[in-house]
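Consider the two complexes below, in which chain A is the common component and chain B and chain C are the respective partners.
The block that comes next holds the complex of A and B.
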């Protein structure tokens, strides 16, 4: 897609051409974004919990974006990887009594290893069949959680402590999760423009050609799953200590499907996609939760249908995106930027 | 190209290659060698087994019998990506580019076999991974110059016209710095001008870089003009092998293309 470059902003080296923020406007924009994130608690007040919630799920969605958006492998078990991270973190902090600073990376590592194993079948099975294989993993984890640790209820998770500072308020948690979020997002974005990302995209676009050009399919497909699971593991660990209680309901199939919805709505194969998608999905979820009782009171005809208003709205939104903007919010934004760049001319 | 590699005259040697799909005999007892700097053409009617031979050489298909050795090493049982690392590259009959990636990314991905940055340094980017990507970018730009596709650099491949896509695919195969290049109908469906361009690139690769190549092509004029030696196939068998002039007048080749009929003694030579 051709785009208009601003005047007087030149590239004179390949390094500049391959930079992520390749024009001055983007560099300023990103700096403003970082400042905005740092100042968010003042602007949002008690609503900061919404950002905390978005951040946790955006980290998870970034992982799924590597698996589905970049490597092109479908996964319906992403919430299960989140559970792996959450319960690893719970075990390390409450059973082994180790600090959170150790539990967080350990959750990522354990989820990474589990992801690599779950990713193994992707070498032989594709598409719908792979979806079903990952679905089996989702159910297996849910079953294990219910049968072994949590039962039908929840498991309490100790509060966290980072280098002696208790992370016990929404604002403190925000600075922790925002740091992990930004670092994780930058890491994933860097992956997509180097060896790993090129290989994953090659596998996604045409696996047999990639193989002939020296890409080891087994290695990269399992790597994709392992990386995606590691991100989910980090999200799970953060969620566990944020929510202070974890149970099967938090990592259900519905949550896995919500992750897929975040990617489709945000934009598959885009680095901004998972973040935009997570924000959209989480905000909509919270709004629907708030409005559902009001809706029921306003239109008693709906009766018990208001309890499933979440599923109905999400179904409609997903279908709408698939029909009108399969590229998701990321493509929508790019089109908007192009329109603004070229205005008042249409092309 | 072969710096540091012992000088071997026979680049590729195929012996008794046999490939069966259930009841169909795709390739039957085919043997040939490819010498350093040589351009070998494979011709034959549709379904003769030409592409199957290429697929066996780069490891897509596992032949039931036969031996393939590359630069003196037996590669019969190696997986495709390992063969790529040894230096066998190819293009496909039906373009097999990465449609959602840009021209730049497509050609850069051809260099994956030469990239070694670790997972962590890829994610951190600054430092080793950046240096590596930039150094490969330099090589990719040389290939883009060579193929004269500079204007399309940042375009997605799926949006490009067919002839340009064919060039990009050649570029991706070259990016690997192959020691053997397999070209499966690089000129199929091209206009006369595009064919001339492609022929020029192939000749330059042979003359300037001494790159050994195997070329499958249906345009007899092109094959006869470019190739040093030609192998003709029909129904999975090798029916003739030799220099172009000899193949043109070979009775079995004429029979394979024109069928058995009295009075067609003088060849396909003329126009085809």
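The block that comes next holds the complex of A and C.
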């Protein structure tokens, strides 16, 4: 009731029709959300690290959502783009000794370029062949990371400071990452209603039909990959300076699959999907990490099985979502909203 | 690259490649009849290897060959059961869903299977008790371990048996019919549900046999799951929907990996550092090259899309 569209809410201009936050309640809701994000460190205390973690991966997942959710191109190598961003940032700050404020946009740019190159084949190969090609790309990047920079161990990354202010606490990092997160999310959301976003969706729904309608496939497919990769690059750069050490294991195939899991669980092709999914996946990961030893102590029968609890739970959750709610959390929320809207009537 | 080096590489590569071919055939059959690209195939291989070793060791009170036979029998039955279970519980509810869901669900399945196996058997490398004596024989003047020869022979025999199965048996023909055109086959009375179930069981069994053969030769650890991806390279190279293509692709991947990968590992330096483990990524380079040049593979049918 409370947020139902008011009766007689007629739109009298295109600007009103296109507005992202088209009714007063949504505008207030968004303002409250921003305030809540700003006040989060006080509310959460030391748990703010969870939110930092979520934010980094939500930025990456937003990128994948452009590639998979909007442009419909399957990518199983998203973590590799994150690696590109992370290592660019590492190179720029520790080898070239340039400030982080330059490294962050540079990582996005380099990842953008790499994404454009990797996206090129998507014109010739599609569907499952594309999935396999991105999978191969993922393995090659992992191999290169091990062979050239990091070896089997990790590479230390210098701490960052932004325009002279050292970002050395969880709270300071939160304000940095939250700003990037909100800007990135707003940009992606905005993109979906522009010519670019609509072209991407046309490509997703039927690429040849889109081409007939005058959508340049080469341009939009590579653009989707490049944009998605740029988001991953930003996430990688932030991750590198947050974690302070990067290695091949942070950008493995498992991480790529985690990104896909975030999208599927959150909801493909939805604006809120990547954020909900990232929150779900990261919180679940952290909880399982915390509880696994306790679980093992409680039930010694499980023995070693506790070490692989993460994989099993993940696989099962993913399968359950695909079978019962392919629309993910975003669709679940929509259903809930509808239920509350119509309450107490079922229809 | 001396002649001797290439010759050795080719012989060893063919032996490994025959096992890849076997695994790849399981992959292709599944793809042909269900249009599912199974990214959990490596886990099925792993499952076969680990279970066979576990059962063989558990039956250690028997003489070694008998224990091994018991291990193989139990593993094949379990693999078939696993295949049926996967089809019934996970794949059937997703029938007709978009490609993306199906690919992701096989990935998730791989997670679950591997997680359970890590839980039960932890990660360390396990080996079979000496079923085949660890002697070395010479093939075309090249020393190869006897186990390798046996594996290659077993793989070749099984490939022939599979060929006969698809050529002459009722269910083999039904599966080919479904692969050719699902809808037509189903109107002619072929039960698609059963064909799918059999295809999964078949894929799981082929994977398990591959796991056992590789396990006999090299031992089993979790890196073995990567073999599933090598089979993927074989299948892409040969053409996703072609069984002869899968066999040829498997052999080619085996040879390229051993000759080229082995050569680069041993002789090529990058910035003064030797490249380690290049052999492991050769398969992915093969995938990328094949996709660039001939996406439908050597023998695959070219997919023509209509609006």
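We take it that the second predicted complex is superposed on the first by the 339 of 347 C-alpha atoms of A that agree within 3 Å, B and C clash if a C-alpha of one lies under 4 Å from a C-alpha of the other, contacts with A are read in each partner's own complex, and residues count from 1 in each chain.
FYI, a contact is a pair of C-beta atoms (placed from the backbone, for glycine too) under 8 Å apart; a residue touches a chain by one contact, two chains touch by 3 or more.
A quick note: this is a predicted structure, and the numbers were derived from the prediction, not measured.
A.B. asks: Looking at the combined model built on chain A, do chain B and chain C fit side by side or clash?
C.D. replies: Superposition result for chain B and chain C: fit.
A.B. asks: Per the contact definition in the header, classify A:201: touching chain B only (first), chain C only (second), both, or neither.
C.D. replies: In the superposition, A:201 touches chain B alone.
A.B. asks: Angle chain B-chain A-chain C between C-alpha centres, in steps of 10 degrees?
C.D. replies: The three centres form an angle at chain A of 80 degrees.
A.B. asks: Answer with first, second, both or neither: which of chain B and chain C does A:217 touch in the superposed model?
C.D. replies: The first partner, chain B, only.
A.B. asks: Is it chain B or chain C that touches the larger share of residues in chain A?
C.D. replies: Greater contact footprint in residues on chain A: C.
A.B. asks: Looking at the overlay, does A:185 come into contact with chain B only (first), chain C only (second), both, or neither?
C.D. replies: Neither chain B nor chain C is touched by A:185.
A.B. asks: Taking the superposition as given, does A:248 touch the first partner, chain B, the second, chain C, both, or neither?
C.D. replies: neither
A.B. asks: Who does A:209 touch here: chain B (first), chain C (second), both, or neither?
C.D. replies: both
A.B. asks: Which value in Å is the smallest Cα separation between chain B and chain C when the structures are fitted on chain A?
C.D. replies: 7
A.B. asks: Hey, what residues of chain A end up touching chain B and chain C alike?
C.D. replies: Common to the two interfaces on chain A: residues 206, 208-209, 212.
A.B. asks: For a test of understanding, state which residues of chain A touch chain C in their complex under the given definition.
C.D. replies: Touch list, chain A to chain C: 68, 74, 76, 121, 124-125, 127-129, 131-133, 135-137, 139-140, 143, 146-148, 206, 208-209, 212, 257, 260-261, 264, 268, 302-312, 314-316, 318-319, 322-323, 326.
A.B. asks: Quick check: in the complex, which residue numbers of chain C touch chain A?
C.D. replies: Per the stated touch rule, the residues are 37, 90, 93-94, 97, 99-101, 103-105, 107-116, 118-120, 122, 229, 232, 236, 270-271, 273, 275-278, 280-281, 284-285, 287-288, 291-292, 295, 305, 307.
A.B. asks: With touch defined as at the start, can you tell me which chain B residues reach chain A in the complex?
C.D. replies: Contact set of chain B toward chain A: 58-60, 79-81, 84-85, 89-90, 92, 96-101, 105, 108-110, 112-113, 115-117, 119, 122-125, 129-130, 132-134, 137-138, 141, 156, 172-173, 176.
A.B. asks: Which chain A residues qualify as touching chain B in the complex?
C.D. replies: 1, 14-15, 18, 187-188, 190-191, 193-199, 201-202, 204-206, 208-217, 223, 227, 269
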